[in-house]
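First subunit A sits with subunit B, and in the next complex the same chain sits with subunit C.
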Partner chain A sequence: MFPDQGSVTADDHPVHENPDIVPHICFAKSVEYAWSEYKAQDILKFCSLLYPSWDADFAAEMLGRFSIPLKQKYKHLSRGNQSLLGIVKGLASRCPITLLDEPTLGVDAEKREAFYELLLRDYSEHSRTVILSTHLIDESADLFQYITLLQKGTVTAHRETEEFVAQARYLQGNSQHLGAYLGDARVLNSKSLGSVTRIAWLGPIDNEQYLREQGIEISPVPLQKLFVYLTRQEQKTSEVPVHENIS
Partner chain B sequence: MALLNDDGRPIFQQIAEKIEDDIIENRLPEQSQVPSTNQFAAFYQINPATAAKGVNLLVDQGILYKKRGIGMFVAEGARNAVMEKRKQQFYEHYVITMIREAAKLGITTKQLTEMIMKGDA
Partner chain C sequence: MKTFRRQLAFHWYDNRKRLLFFGAIVLFLDFWLLAGYGIYEPENALPLVMNNNFAAISIFTVLIAYIAAANSFPLLMGFGYTRKQFYWSSLIYFAAFSTAISFAHTLLIALLKLLLPLLGFNLDNVVVSFGPLWYSQTAAYFLLAMMVFLLSTMMYRFGILSGAGLIVIYILSLNIYGTNNPTLIDAAAKTFVDIIPPHYAIAVSLGIALICRRLYRSADVKTS
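And now, the complex of A and B:
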């Protein structure tokens, strides 16, 4: 891969073509075109030579758990099994920096759960930085310590998961009471049903006690919904403070 | 992943409350060892750092204490401390909520009192 712009560094060292750094970074994709003509067993043998901290026993355990056929060429594996083989590479590499790009693409619910369990177990035993990108936001939300929101190639937010979730809440109640809020830039979304209105509010709520007394219900916004609202109102996300250092 | 309540309270706070419940119900007696953060993480399918935050919340309050190299333990007097804290929260969390719902339904204070007496019997 070649950079089109910008630079990537790890511990202040440039990453690109750096033999001291590259073996300690694993980038696992959901499709690896270079693997097409090879069988799973050969691919993993190759991986074991690539990564100094490779754990062959763990790789074998995952192959069994995911029931990935060993003697089929990669290009003949199902979409889910191709993704799962990427997961095996990513987790068994035990690299201090492991990037899993859409690891659950095409993977069924049972195997996804197995992946989350294996990821948590292995991360608990072998602490490292795992960067995971996903479109299945709600089901993986609790796994993350930090959440980064990428919009058109730009990081628009990077915060601890709980802070990220806590920045927005739903207010639901009588439209007359909530009408005053409509039009405010902090309203991410609003819906009405008869005389009931629900708004998604971004930012702190000062008069929470008073609102509750007015019969306004205050409830959390699921992470995936929050992502949707922030993505739709891109201009507003600039107000979300960006966490300075990605650790 | 919905193994905890989805009521908007931070997950680390919910973990702390689960431990407090276990202390109150004597599932975790004083001086007994608390599961490790990794065990909590696996059980609730959450990030170990989040689990650690919940445990540390109780360490800061003196309800749990750390034995170096062994793990976390329930402190002497923890049960009473948790009970006192919970009694204070009881009014806010339950009584106020109940009174508000009763008012919405037109239940009078007298009717409410009768219901409590009936439930207590």
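And now, the complex of A and C:
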């Protein structure tokens, strides 16, 4: 892939076709079409030959935990095992920059947990930059130090996880008390059931103490929900004609 | 340098099983030819083996050159290597392979020339000149590898049609050049490899290498 605009740099050096940089970057995809005709054991052998810092012991440990059949061709592996083989490549490569693209696609819950454990343990022992893209946001929320929100190819947010999560909170309580807020542009989402309303509020809450005294419960918004709300809000914003503003 | 060594090790690992199978089949065919046909026409035994091996090695060269362009390229890109590194490592691999396989073949022919008379074969005045045979074969296999590399790269980048078009041009060109040119290795020349003298073959190979370099500079890696 060639860039049509912008640039990608690592340590201020351009990445594209840079022989000093690309060996330090491992991009592990959930599906590797070029591996189709090779057995899993051959792919691992390629990894050991081609990655200068390949950790064969760690790879063997992961293979044991993930129970990947080594003698099967990649194209005959299950969808989950294909993803897991990508994970083995990504983690055992020990590249300073590791990109894991949807690493848990098709992986069952038990092995996903094993992956999260291994990733955290490995990161604590061999600190490096791991960029992980996923749709299972809540499940992997504990892994992230930074969160980047991509919408239609544009980075719309890039913050530390705590800061990202802290930007929005649920307000839940009597509909009469919260009704006044419903028209505010900072409401990401609202739901009412009987006399109880819950709204997801984006931004700081000035009168938090007062609201609590009114019986309003204030709680964090789960990361995945926040992603959904922000994405929807962005869609709404982009659907508004340019001469109008949401206020 | 380490990067090149790693890539060459990759190419070797990728093809070593194929090479072993291929070698075993070729040797089996050689013995079969000698035992089944050579004993009736002993004076033709050695050319028969040479032709058989030349054809077999050519087929194998086509195979590895195709695999390099169609499969090894996206594979190595996925392991953090640049297009330039892939290109140079492939070139070196083809050169090393051509040199090694033609050396092995020449050695086999030289050994057979020594051994067959001991087994009662009358080889007449078959002359095996080790150096020229090795060199000419190296040039022939290298040219073949580069031609298939170019063809496969065209097919990978621009689709089957462009590759098929190139094959048609190649076949038509053979009719033009093939008529009046003395053949180098095989009397029944059917490819450029048979027609072009070794030093020109090397020059043509390098020309093709330049075209391949241009093609790989902007080659997309297919992901499906």
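The rule is simple: the second predicted complex is superposed on the first by the 231 of 247 C-alpha atoms of A that agree within 3 Å, B and C clash if a C-alpha of one lies under 4 Å from a C-alpha of the other, contacts with A are read in each partner's own complex, and residues count from 1 in each chain.
What we mean here is this: a residue touches a chain if its C-beta (ideal position, glycine included) is under 8 Å from a C-beta of that chain, and two chains touch if they have at least 3 such contacts.
Owing to the predicted nature of the structure, the values given are computational and were not obtained by experimental measurement.
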Clash or fit: subunit B and subunit C on subunit A? fit
Should A:Ile137 be classified as contacting the first partner (subunit B), the second (subunit C), both, or neither? neither
On the A-aligned overlay, A:Ser124 touches which partner chain: subunit B = first, subunit C = second, or both, or neither? first
Taking the superposition as given, does A:Ala34 touch the first partner, subunit B, the second, subunit C, both, or neither? second
In the overlay, answer first, second, both or neither for which of subunit B and subunit C A:Ser219 touches. first
Should A:Gln145 be classified as contacting the first partner (subunit B), the second (subunit C), both, or neither? first
Looking at the overlay, what does A:Val15 touch: subunit B (first), subunit C (second), both, or neither? neither
Of the partners subunit B and subunit C, which touch A:Phe2 in the superposed model: first, second, both, neither? second
Draw lines from the C-alpha centre of subunit A to the C-alpha centres of subunit B and subunit C: what angle do they form, to the nearest 10°? 140
In whole Å, how close do subunit B and subunit C get at the C-alpha level once superposed? 27
On subunit A, which stretch or stretches are contacted by subunit B in one complex as well as by subunit C in the other? none
So in the complex, which bits of subunit A are touching subunit B? 116-117, 120-121, 123-125, 139-145, 161-162, 166, 169, 212-213, 215, 219-220, 222
Residue positions on subunit A within touch of subunit C in the complex are 1-2, 17-19, 22-27, 29, 32-35, 37, 42, 45-47, 49-52, 95
Going by the contact rule set out above, which residues of subunit C touch subunit A in the complex? 2-3, 6-7, 9-10, 13-14, 71, 74-85, 218, 220-224
Note which residues of subunit B are touching subunit A in the complex, please. 1, 6-8, 10-12, 38, 41-42, 44-50, 100, 104
